[in-house]
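Structures incoming, each one as structure tokens.
Shared chain: chain A. Partners: chain B in the first complex, chain C in the second.
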Partner chain A sequence: MFNFIILTFVAFLCLLPILNLVAVSFSSRSVVEANQVGLWPKGFNISAYEFIFSNSQFFKSLWVTVQRTVLGLLVELSLTILVAYPLSKSNKIFRLRSFYVWFFMVTMVFHGGLIPTYLVVNELHLVNSIWALILPEAIVMFNVLLMLNFFRAIPRELEEAALMDGAGWFVTLTRVYLPLSLPSLATITLFVLVRHWNSWFDGLIYMNMPDQYPLMTYLQTMVLNLDLSQLSSTMLANNPSMLEITGRSLRAAMILACTLPILLAYPFLQRFFVKGMLLGSVKG
Partner chain B sequence: MLLPAVIITIIFRYVPIGGLSVAFMDYQTVFSFFEQEWVGWDNFTYIFNLPGFSNVLWNTFFIAVMKIIGNLIVPVAFALLLNEVRHRLFKQSVQTLLYLPHFLSWVALAGVLVDILSPSSGIVNNVLGFFGVNPIFFLGNPDIFPYTLVMTDVWKEFGWGTIIYLAAITTIDPTQYEAAVIDGAGRWKQTLHVTLPALAPVIILLTVLGIGNVLQAGFDQVYNLYSPQVYSTGDIIDTLVYRIGVVDVQFGPAAAIGFFKSVVSFLLIVTGYKLAHRWAGYRVF
Partner chain C sequence: MVLRKGKGKQAALIVSLVLIMLTIAACGNDTNGKEQPSGNDSATTTRPENDGPLAKYEPAIELTAMKNLYGDERYLPGDDLNNNVWTRAYAEELGIKVNYKWAVAGEGFQQKVTMSIASNDLPDIMTLPAKDYFTLAKAGKLADLTPYFDKYASDTLKSTLNADGGKQMKTAYVDGKLYGIPQTGGSDATADMIWIRQDWLENLNLSVPETLDDVIEIAMAFRNDDPDKNGVKDTFGIGFQKDLNSGTGSYEGFFAAYHAYGKAWVRGEDGKITYGALKPGMKDALAKLREMFAEDLIDVEFGVKDWKKVGEDIAAGKIGLFYGREGLPWMSAKDAIVNNPKAEWISVPIVSSDGKPAKPATNVTMERYFAVRADVQYPEALIKIINLFQDRINNPKTTMDMLSKFGVDPVSGINFAAYAFGGLDPSEDKPNMYFQQINAVIEGKETVDNIHPEAVRYYNTIKNYMDKGMDKGADPLGWNYYKFLGPESSWKIISHYRENNLFERSAWFGLPTKTMSQKGATLDKLQEETFIKILTGSAPVSDYDSFVENWKKLGGNQITEEVNEWYNSTFEN
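The block that comes next holds the complex of A and B.
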């Protein structure tokens, strides 16, 4: 019983801030300014959302985020599989394995850091290109390890049979290993999707034009760097519906609009990632 | 098969490591990389003499260590609590809610936190006010700010952290519990004498591997929550590198701080791996 109360309480502690945010985003100016909004909207209106969706920058940034997420997923998934598969073999089969293990291990323990990485991206003329958001983080060793441990748990006999039948390594990978690895592929897919959707810092430093900012970078510059109370007063003149919005509502609505896909998607994908994490990490 | 990944790794991981030589240059952005003037250890002398640099080091260390401890204890506690729940639907809904903050970026969460922690209109201070507590400047008071960082970080990650412990609990041999029951142990004693000892290796392993993170105080979080009034206790290495390197465009000194951080982190990570190997037989590959 003690258990039940604590867990319910803490679970609500995780949910309440979001509910409060939803309430603020839909509430009218007078109620928000009088600080009377709890968990349910008062003076229900959607003008904050109308304002956000009337801004073309929101959709431009959304498009950048969708692009980087889809391209990033394709690149990262392929690279992760291509690294994890050979490294999951024993030293006997793959002679140079130790060398490559060290090669990738070094990147886990030693980093060049912000400035040198920026200089490299700059020298390659990738600044302002979508690839600057994809390539520098294209191989995450944690995901490689997850995949690698999963591959190891697949019985070797399957591979031996395929090789005996004349399949090459590549065919064995695509026809035998990948179809058996769906849980861990799903897990890694989720990690990559969430990471790309949530990344903002690379957009800030690699993109010069606000036009090219991904959604989270746009959110970051709007929500945290701009004083929205000033912003709304200058825009009041040409947009009378602004009368109903406060900076707080606008900010709340903006945060929700930018994170909605994740809020909606993750509960349904939960069983995949929990399962994938278990299979990849515990058996390793 | 490895070729594409090897090329990408060389370009975006190994070349930047070589690029740390910027730390020994008086880097001027108008010249190319190979036309820069070498200045030896000047950048290092400069940064170590910056007022407040030792302060930044201490802040980084303090915040990071507190986070490591918090993110160790709280998830274990909740994994144990969740493990006792028999009702499947309840357990799953609780888990779903606990994972929620993990999936939101610090940008969005910072927006949320600025709103709910506001001393004048935030819901947290409203609730505290109800109990007669004076408004607390969670994000503006330098004495409180580091703890706000630690608490919000634990709040974001503890649910996610329970996954690994719940996984470890499922691998415990049920006969151990049966034996404990026969010996007259209640649920509490079973937790104390069967579950916790079984979790000990995982806890030790994660702690030891956590050693490598003592200079990772969390750039995304700090950058989105801090303000000049809390620099004295909230400024960390990564935010300092950002301000010196990106805002002030002083590439040399910024790279020097990065170099220093990389070397120290490297030593810590290697130590952590060595200890993990010795105590828990852990190998990365």
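The block that comes next holds the complex of A and C.
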């Protein structure tokens, strides 16, 4: 009971900043600028959300992000599985294993750096296409290691039994290994989803026009650039509608609108994090 | 087993060698593969016969371009960056089809420029950050505009660029040649003034300050005498924040009372430029601030508050006296009024500690230059494009319709000027002119027909606000414009500075010099830490002397030399 109270309290503490963000997003500009909003909105209004959802760019960017997340997930999951499976075999079965392990491990330690990476993507004519957001990071070695170790933990006897029954390597992978690897697949799925949803920098450098930006790049340009300190008052006098977009309520609303979908993904993946699938498959 | 292992290693070696070869081959063969498009390759185009600032190319030429955006761009239905009122005007009136290769807002701009330079993929006409402009100009990547400027720059463009006596324009020359047009801007708007809650002054029967002692007296009263009459001692005497170079809660205006400056470079009568923080008055200024802090006039938390946090205190009605700039009617001062309709603000010129008038510091930053790639066939096209913006927006003869079509459309609120390439404002602030014009009309010396249409818009709002008895609720923005450009406005203070020749314009506004980029951050930190320690009483005032010594020793002397060198080579030949 004591633990329960403590943990609930800690969980609530984590929620506070988000609740404050919600309250700010529904409050009126001047109250927010005076920092007088706590956990409950003051001067309730929804103009921040009206502004976001009346702007078609939000939906364009949302679509780009959905595309890159879905495509990226498919590409990355299949490549990760295809890399991890052979590497999980022993040197006896896969003779070049050590070489390939090092080949991939190098990428964990050394990076080309920003400009060489950009040059490669540019020369491959990927700039300005959705693939520029997907291919450069299609294999993350950390995920491969995760998958590889999970495959290794699966008893060899299962594989031997499958091979004995006439299955090839590919069938063994798809029929035996993958169904047993749901927890690690779910973990990697979550990693990939969150990474694709959250990354903004690649959108900024690989996309040429703002209407091709993924959601987080759009959010970044809106939240960081439209700061009162960047705007001259002459510009404001000329175009007072700029005042609307400099408010903290709008930023709070943007942040919420952009992160809510990915927050919702967590509970749905939760149920795959179940262990004990192997129980009873190997006896004796 | 052993044999096998050996084989594996051998194979690995071979494969890695092959991979290395492939990589080298891939790197090698593409350097000459891609020819740069020459920009305007229609061989049949010749320069128009009566060539001039706005003459049209027949047939049309094509130019690629890049754009830095504000981030809030909105378009009419069917329009986009490559098809809007400006690109259509370039095509129809100048015969120039502008294709934007890329566009980006804010900090991403520098990233994209770096990428373009690294991949040798520069557009024909460019907006370049100052640093890249000079690098590319020295590397011979930019077209020399010297022979074209006089012939093609329109009178409006020339007067726009010369509004400050051509100072900003002169920074664009590299070894005596002009490679680009600077994006000029005004510096008057960076001058400090004092903002005071007028209702608090009235509550306590105080009058507007004329000397620094008056300011301190007001600060005392605001701290101790409950100016907002709520029975709680919850107001600060005077608002300051932690940074030396910030707009709201600024120190520059206070230091100016002692004829010293926190950040500005001051050019003396002997022509030598020195750092404002080394001026003799600085020690007294710091001692005075320390006294004020000891008397509890300054928020004890000021050392962790930036200008936004101080802005929150202003908006919440806790600060009623501070040094700030002309934009406050658009910022926290406005929020204070929305939160408390009884609140009212006045702005007054900065005051002096002695008989000598205080001069506010101003500065201008040269951020961008418009330039043309070296191999473009018609470099003057850039000047024509910039001419068109001047013709539509800054031309004294421009009309209200023109402004709605090419500038800000009051109905949709869309700022079309943001899509123009090479939009630049006069290097003296427009509001100076607007303030004069608007108030001449209010006083009946001028008619609305004779002033710039943009000024007419502001005039109408201000007039409307005054006619409705200065009711802050009636028109939500009426108060903003009234306090910004009206008869009791922040630009009135700036115009007072101008008329009495009271600006101390920072003499240095170039790229950071060599030593500055290496040691500037250390010196800035040293300065801020020393100042804050003296202010809060954790270090004696005499520490200022050792700061001066250290500053000079740690690179300050060298920076001063470099700054003088830059000034002399830019303006003295």
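We take it that the second predicted complex is superposed on the first by the 230 of 284 C-alpha atoms of A that agree within 3 Å, B and C clash if a C-alpha of one lies under 4 Å from a C-alpha of the other, contacts with A are read in each partner's own complex, and residues count from 1 in each chain.
Simple rule for what comes next: a contact is a pair of C-beta atoms (placed from the backbone, for glycine too) under 8 Å apart; a residue touches a chain by one contact, two chains touch by 3 or more.
All of these numbers come straight from a predicted model, not from anything done at the bench.
By the document's definition of touching, neither partner reaches A:M164: not chain B, not chain C.
Comparing chain C and chain B on the residues of chain A they touch gives the larger count to B.
Touch criterion met: A:T259 reaches chain B, while chain C stays clear of it.
When the shared chain is aligned, chain B and chain C each come close enough to touch A:L119.
Of the two partner chains placed by superposition, A:I5 touches none, neither chain B nor chain C.
In the superposition on chain A, contact is made by A:I205 with both chain B and chain C.
Once chain A of one complex is fitted onto chain A of the other, the partner contacts of A:R29 are limited to chain C, with no touch recorded for chain B.
Judged by the document's definition of touching, chain A residues 35, 103, 115, 118-119, 123, 205, 224 lie at the interface with chain B and also at the interface with chain C.
Chain A meets chain C in the complex at residues 28-31, 33-36, 55, 91, 95-96, 98-99, 103, 115, 118-119, 122-123, 204-205, 208-211, 221-222, 224-226, 228-230, 232-234, 236-243, 245. Against chain A, in their complex, chain C makes its touches with residues 4-5, 7-9, 11-12, 15-16, 30, 69-74, 80-81, 100-108, 111-112, 114-115, 118-119, 121, 185, 189, 247, 307, 309, 311-312, 315-317, 325-327, 329-332, 334-336, 338-339, 407-408, 413, 415, 425, 429-431, 454, 458, 477, 480-481, 484-485. Considering their complex, residues 3-4, 6-8, 10-18, 20-21, 24, 35, 38, 78-79, 82-83, 85-87, 100-101, 103-120, 123-124, 135-136, 138-139, 145, 148, 169-170, 173, 194, 197-201, 205, 216, 219-220, 223-224, 248, 251-252, 254-255, 258-259, 262-263, 266-267, 270, 274, 277-278, 281-282 of chain A touch chain B. Within the complex formed with chain A, the residues of chain B that make contact are 1-2, 4-6, 8-9, 11-20, 22, 33, 78, 81-82, 84-85, 90, 93-101, 103-105, 107-108, 110-116, 120-121, 123, 126, 155, 159, 163-164, 167-168, 170-171, 212, 219-220, 223-224, 238, 241-242, 245-246, 251, 254-255, 258-259, 261-262, 265-266, 269-270, 273, 284-285.
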